[in-house]
Amino acid sequence: MRAAVAGASGYAGGELLRLLLSHPAIEIGALTAGASAGTALAEHQPHLLQLADRVLAETTPETLAGHDVVFLALPHGQSHALAERLGGDTVVVDCGADFRLADAGAWERFYGGAHPGTWPYGLPELPGARKTLRGARRIAVPGCYPTAATLALMPAFAAGLAMPDVVVVAASGTSGAGRAPKTNLLASEVIGSASAYNAGGVHRHTPEMEQNLSAVAGAPVSVSFTPMLVPMSRGILATCTASAAPGVTAESLRETYETAVKDEPFLHLLPEGRWPATSMTLGANTAVLQVALDASAGRIVAVVAIDNLTKGTAGGAIQSANLALGLPEELGLPLIGVAP
Amino acid sequence: MRAAVAGASGYAGGELLRLLLSHPAIEIGALTAGASAGTALAEHQPHLLQLADRVLAETTPETLAGHDVVFLALPHGQSHALAERLGGDTVVVDCGADFRLADAGAWERFYGGAHPGTWPYGLPELPGARKTLRGARRIAVPGCYPTAATLALMPAFAAGLAMPDVVVVAASGTSGAGRAPKTNLLASEVIGSASAYNAGGVHRHTPEMEQNLSAVAGAPVSVSFTPMLVPMSRGILATCTASAAPGVTAESLRETYETAVKDEPFLHLLPEGRWPATSMTLGANTAVLQVALDASAGRIVAVVAIDNLTKGTAGGAIQSANLALGLPEELGLPLIGVAP
Amino acid sequence: MRAAVAGASGYAGGELLRLLLSHPAIEIGALTAGASAGTALAEHQPHLLQLADRVLAETTPETLAGHDVVFLALPHGQSHALAERLGGDTVVVDCGADFRLADAGAWERFYGGAHPGTWPYGLPELPGARKTLRGARRIAVPGCYPTAATLALMPAFAAGLAMPDVVVVAASGTSGAGRAPKTNLLASEVIGSASAYNAGGVHRHTPEMEQNLSAVAGAPVSVSFTPMLVPMSRGILATCTASAAPGVTAESLRETYETAVKDEPFLHLLPEGRWPATSMTLGANTAVLQVALDASAGRIVAVVAIDNLTKGTAGGAIQSANLALGLPEELGLPLIGVAP
Amino acid sequence: MRAAVAGASGYAGGELLRLLLSHPAIEIGALTAGASAGTALAEHQPHLLQLADRVLAETTPETLAGHDVVFLALPHGQSHALAERLGGDTVVVDCGADFRLADAGAWERFYGGAHPGTWPYGLPELPGARKTLRGARRIAVPGCYPTAATLALMPAFAAGLAMPDVVVVAASGTSGAGRAPKTNLLASEVIGSASAYNAGGVHRHTPEMEQNLSAVAGAPVSVSFTPMLVPMSRGILATCTASAAPGVTAESLRETYETAVKDEPFLHLLPEGRWPATSMTLGANTAVLQVALDASAGRIVAVVAIDNLTKGTAGGAIQSANLALGLPEELGLPLIGVAP
């Protein structure tokens, strides 16, 4: 099978290519870009040595035609128009936000403009998601923070152990903010500094977390979400807490999580007493989890580490694409990361 | 006036010396250490060029005698016995945890052993604290995380705007973990990685946060606290949230914080819409704050940045010592940090 | 005395302001910028809390008039025209490259365009420089790498111990590359990576090193210079080697350097066997040195650490300005840095 | 085939396991350690999720027996005695220094003690090395710095373009210094700082570089080597210069290097004008090269980036082991790294 990558000059595009280069069933076809069309991929992705000779085509329906799967790693808002002109048989996997939110009101508040609708949501670990994704022709890849927070609290909500007052505080590396040069993302600004941003309930990933957890809980869940930038290029470490439902014990909580991860290829629950570090997942499609009951504060504390570019974007995209293409879900996806 | 520093080979000791070297009213007397006694200070604090010729004495009551103020930057549990043998007229400032907690039960649960009692608590920004600290002869310097969390939420609790269900998630640089070599603190482990530790309600700074906020609120406040280590050497960025009391508005919240910081020399509230970064405080005794109301989640979100070694330890210690010694509170303390 | 800072929104400008805020004899006057004129300084320098209310004026001869000293922290090529319209009595200190190079041919090869001539060169440690700088009204601040390399090898060349085949390899933090957003300076690109740039003899600081060392040696010195970017925001660590002249011994080399630094307020030679780290100088105007004779390879190896923004730019600028203004050379300049 | 890894708790051991986990022809057998014997591998290598259940055996001839290949990642000096008790048919690959140096005098000066002799040197890119390594039963893996410097200058010396006055200055991440906790390797010390160490000709990798380059040149080559530590966990960036032989041109130099890398699976020469970054090689077995002629200084400047744990240690070890075992040289070795 052949894949095209639109937005190959950015970080998500580069990570898709890194993973596809070792995918045994997908070969790399067209590589396209917007402003960078006509330049060598090597200028943007110098680490992809095997693709050093490739030149970026322009992102158009024509350049993307004729592939079994098209990955869109485009700026917000560009997927909609493009996808309409891609064949209905092609698997189109959108790494952007355009088709994630079902609630038109939330879309308008957080993104603005007309609500583009939804595509099947590419988080296979969600209840029922694999069935939808198998054979799907359009897939909306989740946001990186919602991937983290959903995986962390999904077992608790699915088992009725958590109350709907979720607080998520997540530290992210800078690659999540993309490759467009901005002063606040300069190394000089970021190195040696941790900073909060989009705090106070205004980050666009908030309604997506609420959507996912509410669906799992079967009732509205509210999320207070604070993201922060820390001096690393990759990784999200999310601390996700919710009040414990009456009667929850440390043992029932542990058991619930052990059961939840047992058959999941990309979820790993640490032994008790050990807590996740993003270095456990660098370049891997794995989410590393731990959970504890803070009995004194009455809260469930779940912590998750993922690589925002792998499980949080490109790896998650390929995982869902594998399902859509009828391939084994784990195919071509690294389970372990590079450390130290 | 002359100051002795016990524990001069560690990070807190080094920061005390860095600040004292430019303090106009305090000169540096004895420098002492435990296992490093007899070695040159330059081996441990190579940046303190003016003190390169100094050799560390042993930490004993005798070497510490004859100073106006003695700063103790010792491992947990060593301050008690030593302080008893220091003169009652000497100002003894303990950077350790021994005399911070009033609740003997909390002491036993989190530290173990006999409760050593309390000394005047060295956070001058707490209501009534300056009065107690002026002329005090024993001072317990707050923990770095409790300094951050207390400063962040104190205005809200003092004004009755916050409910007692506090969630604190704080990212810290590694210097807070001290200078004793441990595998998990190696650069190879920390660089490129964010990790949680002591999560689930077991970190020793939790009861200290509860003590401070409960005192301000006039009623018990529970704190769910998750610390994480991020790849920087200094700095704490704490996200501190609590449910908003009925009727709280964004305006009343902002006003409350503006009033609270107005006359505080070391508290700085950012303009609306901007969020703290630890780089704003590197090497400074300042706490930089922002607060917002997340109306959808119904929570107050306060974020604070401090330098854990300055305002969080050594700078806070000198600030309180200034009060005890009858000096201006700000004397010798940098207001601004080194950036970028 | 009053100082204006042109280019206050950049890193050099910010460092000038950080240092001037604690300078006892200079107060801060006009703050100007180019494209950022009209914006709040706080947007660009959030750590300079005391100046949070200042708004940037436009950089013009009029806004800069009426000051005792004007610091120019401007992009390459803008100082010349501006300086001509500033009063001859004003001390004008140019942090840019415009007036550093005496050799018009070198200027054309490395910078291009008409040779603007030279101003007194602001490295007081060079032989005879203090005499020239006292009372000077125009000063060209050295480049950051030439400051490092010159201080490292000057003693050896002055004493005739080194041959003219210099090799300099220097690691720099990113702040030396400025605050304009560029993809290659993004945190995501820099963190976790060391990279060479402008290697092979093409870096513009090469002829400046050759000029300085040739002047000290009294004969032409050639320099092979390779800069590299490493994941830190501040600091230069330069390894500077040259073949040893016949008869040089480890003892004579050491003695030469000890003598050379003895009366220099900002040069610090480490004890034998210890090597410089940039963390020894963060935020300080000090250069930390070490030298050894590699007898087997027949080369002198001198290593120097400086903070590129302090001794390498803004601190060096103020040090020279102090001399020009008749103030003590060390006034207002920190000797020690912030560590760890 | 089955491999044992002795020293599985360290960084080299962890990297061997990471690579072997995806090696299609080698399965992982015994995992052994010294002081850590009896503990779970997960305590030391939490990222190796598939091996989380493995417990470390003691490093003895018995635990290592019965494998096709044994990788030794042991502290200096332990390989000799152990290897003597491993079967002569077993491929023993020593990642330590014990069997690298042929010159007994150099061994004594730099390592001390009796000279253990040499094993076939595991750098397949050296002239004639592949022939020796095919079928070898003992292999000495090169040091990380010598791997870098040899690959960088080998083409120039092989073609007679370089004079024997080599200067190497190399920046390394901290993982090269191992996992044993030491104060100078703490994150607090390393982050934000570049530091030189073992400068002045005393680093143990110096004679190994001289041995390799002298063999290639067919005449004695002297190396002045200065290593520095920079704030990253992995990677070596080495700037390697030598005087150009008479008549060398930029074109002849470029051609020489293009020819040299043409058939090498793990050497990659960048397009002219681009310089290596260690991020291009993170986790990969590739060396990325660039070379230029500094005509003014008369020196060849070659810069190389490798991952010290992959091509510099564990990847190089497996590359040589593949040859020894009769497998394709590239088998199981990643060509591209993880970036950004």
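Going in written order, the chains are labelled A, B, C and D, and every chain counts its residues from 1.
As a working rule, a residue touches a chain if its C-beta (ideal position, glycine included) is under 8 Å from a C-beta of that chain, and two chains touch if they have at least 3 such contacts.
Treat the numbers as computed from the prediction; the structure is a model and nothing was measured.
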Other chains in touch with both chain B and chain C: A, D
Proportion of interface numbers common to chain A and chain D (over half same, under half different): same
Centroid distance [mean C-alpha coordinates] between chain C and chain A, Å: 44
Distance from chain B to chain A - Cα centre to Cα centre, in angstrom: 37
Contacts with 2+ other chains: residues of chain C: 11, 173, 175, 179, 186, 188-189, 191-192, 231-234, 277, 279, 282, 339-340
Chain B partner contacts - residues on chain D that touch it in the complex: 11, 173-175, 177, 179, 181-183, 185-192, 231-233
Contacting residues of chain C [partner chain B, same complex]: 11, 14, 18, 21-22, 42, 45-50, 52, 175, 179, 191-192, 233-234, 268, 270-271, 274, 277, 279-284, 286, 288, 334-340
Contacting residues of chain A [partner chain B, same complex]: 165, 167, 169, 171, 173, 186, 188-189, 191-197, 199-201, 206, 222-224, 226, 228, 230-235, 237, 239, 241, 243, 275-279, 282, 290, 292-299, 301, 303, 305, 339-340
